[in-house]
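These are the structures in question, set out in turn.
In what follows, chain A forms one complex with chain B and a second complex with chain C.
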Partner chain A sequence: MSKPHYDREHHAKKATGIGDPQCFKGEAGKAKFKVGDRVRIRNLPDVFYTRCQVYTRGAVGTVTELVYESPAAEDEAWDNTDKPEWFYSVVFRQKELWPEYPDLYAEDTLESEFSERWLEPA
Partner chain B sequence: MSSSTREKVMKHLDAVGYLQPAVHKPQHAPYPDEIDHTMYRAYTRSAHDVGGEPDVPMAWEEKEEEQWELNTFATCECLAWRGVWNAEERRRRQNVDVGQTQYLGLPYYGRWLLTAARIMVDKQYVTLTELVNKIDEVKKRYE
Partner chain C sequence: MSEHKAAPMVDEVSDFEVLEMAVRELAIEKGLFSADDHRRWTEYIHTLGPLPAARLVAKAWLDPEYRKLAVKDGVKASLEVGVDWINDMPTHFGTPSDYCNLRVLEDTPKVKHVVVCTLCSCYPRPILGQSPEWYRTPNYRRRLVRWPRQVLAEFGLQLPADVEIRVADSNQKTRYIVMPVRPEGTEGWSEEQLAEIVTRDCLIGVAVPRPGVTANALRPIHPAVHPVQHDHGHDHG
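Moving on, here comes the complex of A and B:
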């Protein structure tokens, strides 16, 4: 049996001297969302791998920042860097995530990052 | 095979018996109509996605890394520098591919080390035969 041919240095060649995720800048195309947009986290299947926390699925939050362009974790985890996406920082009210969260702390928030595939307009 | 090997085998079989997740349902090779969508998702989720799960408090221990843990970190970083894996592939393998039992049961750097060996085999830098023979050779130095 022969070994598969694979350039294991493809990422190093792209990122050396530039950095990651800076090396993917300009590759994600036009961003679907902007700062201030209300978004809902999609409930996509989570077989094999994801970095999208299950407790955020279906919750509504607000985009606070377009953070960078990068392959989504679900692709990068198999070293596939062909389709970078926009990453967004999204802020939620804690009460939105945890129904039993005390009303006394209704202003508490949680902020996390999501690649574009996980967001839909709310 | 020496009797101490048999003792170790029996001890191992006992230990495996302790590893069943604490779900109070029979779960050996269920028939398809015994697994609904909720249980299917529970079994196939990413094991590292633990936020929001009910749990009991854990004791916090102030403890320095042991030497093998530092060595393991350096080894894994070298594998990244040489393009064997990127950080996301490393996380996928050490947090999710290991499965729930190993994710919860092994020390943090134990998972790093196991995964470093695994990727060398998966990507054919060493064969499992070479790895097993090497582990056996090193073990003998301590007998």
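Moving on, here comes the complex of A and C:
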């Protein structure tokens, strides 16, 4: 019986000369959210690996940009690249993330990126 | 017998450096990449520095059309300062460790951006070189997102309450640089003169450019916690 062949270079072959995340363009389908939408960061299980910061879980922010399409980091860490998602730049008021943040600086903000699975309408 | 001992090349080898060596050697042994690939990557990384990013900012200050391009498409704008995010790297597609998406965060007199990576140490290496040691410390990463004004004050940057501080936490495939506001006192300057005051710290966002200041602020250097022992073979009796 022959050993099953796994192509360790499939990502390199796809991305060479195009770039990552550019090589996943057009693969995520229709985006669920648009610029200006209010979204809440979901608190999904994150056994083994995540790039969704715990301090953002449950916080409500505003989508400022649909940045690119890519497999979610939680999948890509295990080389599961067949279901790319839309990624969003989301801006939060600091006060929303840290309740003790001083009112004097109520305008201060923080932005970060999230794949679609982490967002729900708020 | 001679008492001469060679001086150690480093003060301390961290657990992470030992881990990196072990994983690297294993990866080479398993054929994931060759020792030659590793050498080419290391040599490439050592050619990088913050000058292209400083030039990008200086150019954008002088040319409103280029400024629009820089904000809209940082990767395309990088080409004009000699950085090709996709093809420069030995892999010709970005990764490992740096993807091909650059965003230029445009400061205004009322908005000041500052960059961090709370999860690890994401940094726009192709256009800014290797990150400074403090940028990778848990101290900076943990505190900047939560107490940005206090941390900036430690860098000597105190901002009035009516300036919004926006922290960019680089957690996915976008890498950020900050385009600060062009300071007063630089009227009539050339692109080269302007680029000189756009230091690495200004591009991370922990400093703002000032005429006459062309170097990063000095950061404290802490002594090694576990100093390297370099007396192998020496009999302690």
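Of note:
The rule is simple: the second predicted complex is superposed on the first by the 118 of 122 C-alpha atoms of A that agree within 3 Å, B and C clash if a C-alpha of one lies under 4 Å from a C-alpha of the other, contacts with A are read in each partner's own complex, and residues count from 1 in each chain.
The working rule: a contact is a pair of C-beta atoms (placed from the backbone, for glycine too) under 8 Å apart; a residue touches a chain by one contact, two chains touch by 3 or more.
For clarity, every value in this text was computed on a predicted model and none was experimentally measured.
Overlap between chain B and chain C is detected when the two structures are superposed via chain A. In the superposition on chain A, contact is made by A:A77 with chain B only, not with chain C. When both complexes are overlaid on chain A, the residue A:E113 reaches chain C alone and has no touch with chain B.
By the touch criterion defined above, A:G19 lies against chain C but remains apart from chain B after alignment on the C-alpha atoms of chain A.
Of the two partner chains, both chain B and chain C are touched by A:W98.
With both complexes placed on chain A, chain A has more residues touched by C than by the other of chain B and chain C. Of the two partner chains, chain B is the only one touched by A:F48; chain C is not.
Touching of chain A by both chain B and chain C, each in its own complex, is seen for residues 8, 11-12, 53, 55, 73, 97-98.
By the touch rule above, chain A contacts chain C in their complex via residues 8, 11-12, 15-23, 51-53, 55, 67-68, 70, 73, 87, 89, 91, 94, 97-98, 104-105, 107-115. Note for the complex: chain A touches chain B at residues 3-4, 6, 8-12, 46-50, 53-55, 73, 76-79, 97-98. Interface residues of chain C, counted against chain A in their complex, comprise 32, 75, 85-87, 91-95, 99-101, 118-119, 145-146, 148-149, 161-162, 164-174. By the touch rule above, chain B contacts chain A in their complex via residues 41, 44-46, 49, 51-52, 81-86, 88-89, 91-92, 96, 123-124.
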